[in-house]
């Protein structure tokens, strides 16, 4: 079991994620936000534990389903919410949107909407750190489905031969869009593929904060010591389908029931209680997160949209003529 | 309401075309992510019901492996199949360009005609709905530049039906581009045996003052502008290319020879877009007859922006078409 | 040890390859042919044994370094030589050239110059066979270096989940262009990658005719029985560099010496002798091959070039206007 | 012979530009297959000696993994490096288009300008030497159509030196296209501090009757034709774009405003090639001043054929340029 402070840290991040996800779904459902949203409910602990094991300066590359990673890595809620809402005050001036969050101050370098494409880019960040000798690691998140695409193979291999300080965090939620992993993946596990490529590979219950944190910590130390990359296959589940509106019709009822029973959030909360962290203290964390989210949501709704001709800025290093 | 002729949605028309092709020829097979019914019949439900009807041997959900998807289509096409591969969104063809360009387009030629690659790649795209930079690009200009490929885009459900069927039955590799934002718009239903030949443009609206040469979503926008300008006495002819490459030069040149003015309209980025080729061809053939240089309308020089206001400012529009028409008509 | 008839068959194919390679290099060296040529000397037995285990109707997909595969599969020498020489009588009317040989009568469906790209296409052939239930297998040849590219990963996985009748024959000659495998490949072996992807994978001495043949035979039977693909990593070497003119400066002397000592051709010849096949019989095979090659080479030199405007034919199914 | 000014080969000029960039800025790193000296310094030896000088940390031979190569360049560029990635031959960008188009070109924009991608992708290609369908394509039109990318091609060693240096030091992603068949042709050596700015065309030959707008290998061919026609009193101006996208409209339009006639010349397939955009822009701006429609020269509508006679017939040629000039000059 990870120690108290670590678990509190993880819980604090995970709860922010959970509450944010709930709020986003609510606001979208109510028509207050009109965006394509990839829910993260169920996967909170994976990224909370992972990001608790790295520093703010360390890099993150993630995907369209990235809210949990981005919040866990520390992007301020206001900036993130404003970007989701397409506002000028958003992390990317509203130009990127939810699928393309960048926030260098917290190390979030790329969020991609192309399955698997973050992996080769993460190597580039790792390569820079290796050359700089700056001691940073790069965390690269992607899904089980992404392990079927060529970039995964090329990227993991290059990281291994060059011993790049990159942690490949495969958040295995069993499904890629509507297709179960068993129908797309010739190997039993994703870890097996990492083994086949020669890199250090582990498979953990990503929904268990302590187990996930231990694996993350070990991978980070391994990378910082110059030993190279690790593939972490973190087993988890997503409770609200591929994107909001998806009814999860393709998930057998028993599977969903079991997954909900294994919901990592109440389990983690109970672990805190079991460690004698008081209900009051936990409630205080939750309340603080709730307040942060309320404020961020309101900020996002109130903030102005970017002007139309922003499209001519940031294409090249000079403004494009109208 | 009961007077109205039967209407169907664009997505449905594509579904019906595949259904007919599969019924007519058991060499037609479908490959793509989530396309079988167990996975929901495609994220936009364009293939819904087809695996139930023809089995998952012929309608195969695939891993997220676009190179493998197109490769499997190329290989099976070489030995007599007529695969229809779905690349979920057009931006994802970037990971499969090698299979499309170096293989599908070239194997007939490089084999000296011993083999052919009668495959169809269906893909969808389109801006204006806030999907942002990596899910909205119109990349037809790339494919039009590749000898050996046909590139097709329909502007209405009936054409989609007739063109997709023709694409599947064509003995050349065809890229069939659908438009996500208009998937669920309706239009008159085609007769079951309705076929639209590849390589033939249509003239959905005749006019005398200017030819609007366009395809896909540009057709609706051009119609709207034509309608508006008609009230001012400006008569626009709308030419719907339907096949973008190789395009129907005869129909285009005949129309412009009549109107003596043209604007080419597309959603894709204007710079180095397909409009440039069409404009050049018109100038090359009809230079001395033109009232003014051919105008072009396309989207701006930027990735597709996420935020609605920027996306709108960036995107081709009816206003752009109108402005361009007024400019060349003086 | 494979039986006598099989070994004679393999030797006959391998000797044709060896003599063809020698002749090509000689003619190019003498300026009689001006082509980029990828020598196959050293890899004869791999493909001779593989193709001895399949039928003419079975499919082959190979690469720029494909002369050995194409001859072993049975393309008539005259047609092949004429294509190498760019003549109208060539397999592809001179339009494809050495890197793009197709010859459906002998099952040679694609020769690609793009590393790794034959793999996904081989799956398509396998898929057709699976649907047709025609009992054919597809052999797909590529090199060790090709195992680093995304298409390899995607292709092998798809073959496995669909149980396609495809045999992936990785001809591991230790180098991709001028780079040793150890500098590009995170795993010890290519077989390991196949294991990681969940498919039946074996590693054999491809230069040993019997061992190679046994592995080929087993893979073919496995595929024909509907069990799916096999990855065969066949260890071999190329004696004349990546392409003709390459001095192999990047190959350590001892490595080259050892490889030459292991030259599969004299070993196979000796095995025939050991099996009481007479020197006369062997010499007759060699003489017949030599005659075939002489005739093919002369034919290729004498045959007419295609007319210039052939470029408008075979682009689409209709001729392109001038 | 001793009078002759120092000459260098094209390939050498590229080598020298990278050498200078690496000396000037230790954030310049090279990635590519076989590029380090242990592997021979690149298959065409363009990077020879650089790993000896700067170490294999900065000059890295890679696996055959073009997505990983470009991805590593993108990632390191995001945090301050100036990577130069070599894609051995241009046809192989087809496997890396996603990294180039969806990422390198878009990350500055999609991040709202928080990050930038100052990478250079060097690649080489070119027909006419019998490499056949998959090793000779000129695909610059694709890249020119992608907002956020610069596309550069040099026509002589000195420009190659000055342009490659500028490309590496540019803060935008640049595709630098080399030409294999002319790698070993010579030209005057540049001064060590010679820099050619991106976005600026040159006029290597002035003339009054017609402007030949071209780049890369088209420049030499255009010069040769200009030379030939000069004897007949036809005066050709040659405009070498040097940067294909975004191209120097000002110089092009100024030249054509003077000559009142233009032919655009490139090696790439003519249909939907870059010549269409340039031709369209000229028509759009100078329509009423032109003596005749802008002519275009490019290669034929076919994959690059292997056999020499077909390859020659297919390929753009000096004859084509001459014919086009005569056609428009009447």
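For clarity, chains are labelled A, B, C and D in written order, and residue numbers in each chain start from 1.
Everything below uses one rule, namely that a residue touches a chain if its C-beta (ideal position, glycine included) is under 8 Å from a C-beta of that chain, and two chains touch if they have at least 3 such contacts.
All of these numbers come straight from a predicted model, not from anything done at the bench.
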{"item": "Chains in simultaneous contact with chain C and chain D", "value": "A, B"}
{"item": "Length of the line joining the C-alpha centres of chain A and chain B, rounded to whole Å", "value": "36"}
{"item": "CA centroid of chain B to CA centroid of chain C, Å", "value": "40"}
{"item": "Geometric centre distance via CA averages, chain C-chain A, whole Å", "value": "45"}
{"item": "For chain D, residues that touch 2 or more chains besides their own", "value": "62-63, 65-67, 91-92, 94-95, 98, 102, 109-110, 132-134, 147-148, 246, 300-303, 305-306"}
{"item": "Junction residues of chain A - those touching two or more other chains", "value": "92-96, 100, 112, 114, 148-151, 154, 157, 161, 183-185, 315"}
{"item": "Topology of the chain contact graph, where touching chains are joined (line, ring, star, complete, other)", "value": "complete"}
{"item": "In the complex with chain B, residue positions of chain A that touch it", "value": "34-36, 86-87, 92-100, 112-116, 145-146, 148-151, 176-179, 183-185, 249-250, 305-312, 315, 320"}
{"item": "Residues on chain D engaged by chain B in the complex (per definition of touch)", "value": "67, 91-92, 94-95, 97-98, 100-102, 105-106, 109-110, 132-134, 137, 139, 141-142, 144-148, 245-246, 268-269, 271-277, 279-280, 283-284, 287, 290, 292-296, 300-303, 305-306"}
{"item": "Residues on chain B engaged by chain C in the complex (per definition of touch)", "value": "29, 57-58, 60, 62-63, 65-81, 83, 95, 98-99, 102-103, 107-116, 147-148, 150, 170-172, 246"}
{"item": "Touching residues on chain A, where the partner in the complex is chain C", "value": "148-154, 156-157, 160-161, 183-188, 192-199"}
{"item": "List of chain A residues in touch with chain D within their complex", "value": "59, 61, 90-96, 100, 102-104, 109-110, 112, 114, 117, 119-128, 131, 138, 150-151, 154-155, 157-158, 161-162, 313-317"}
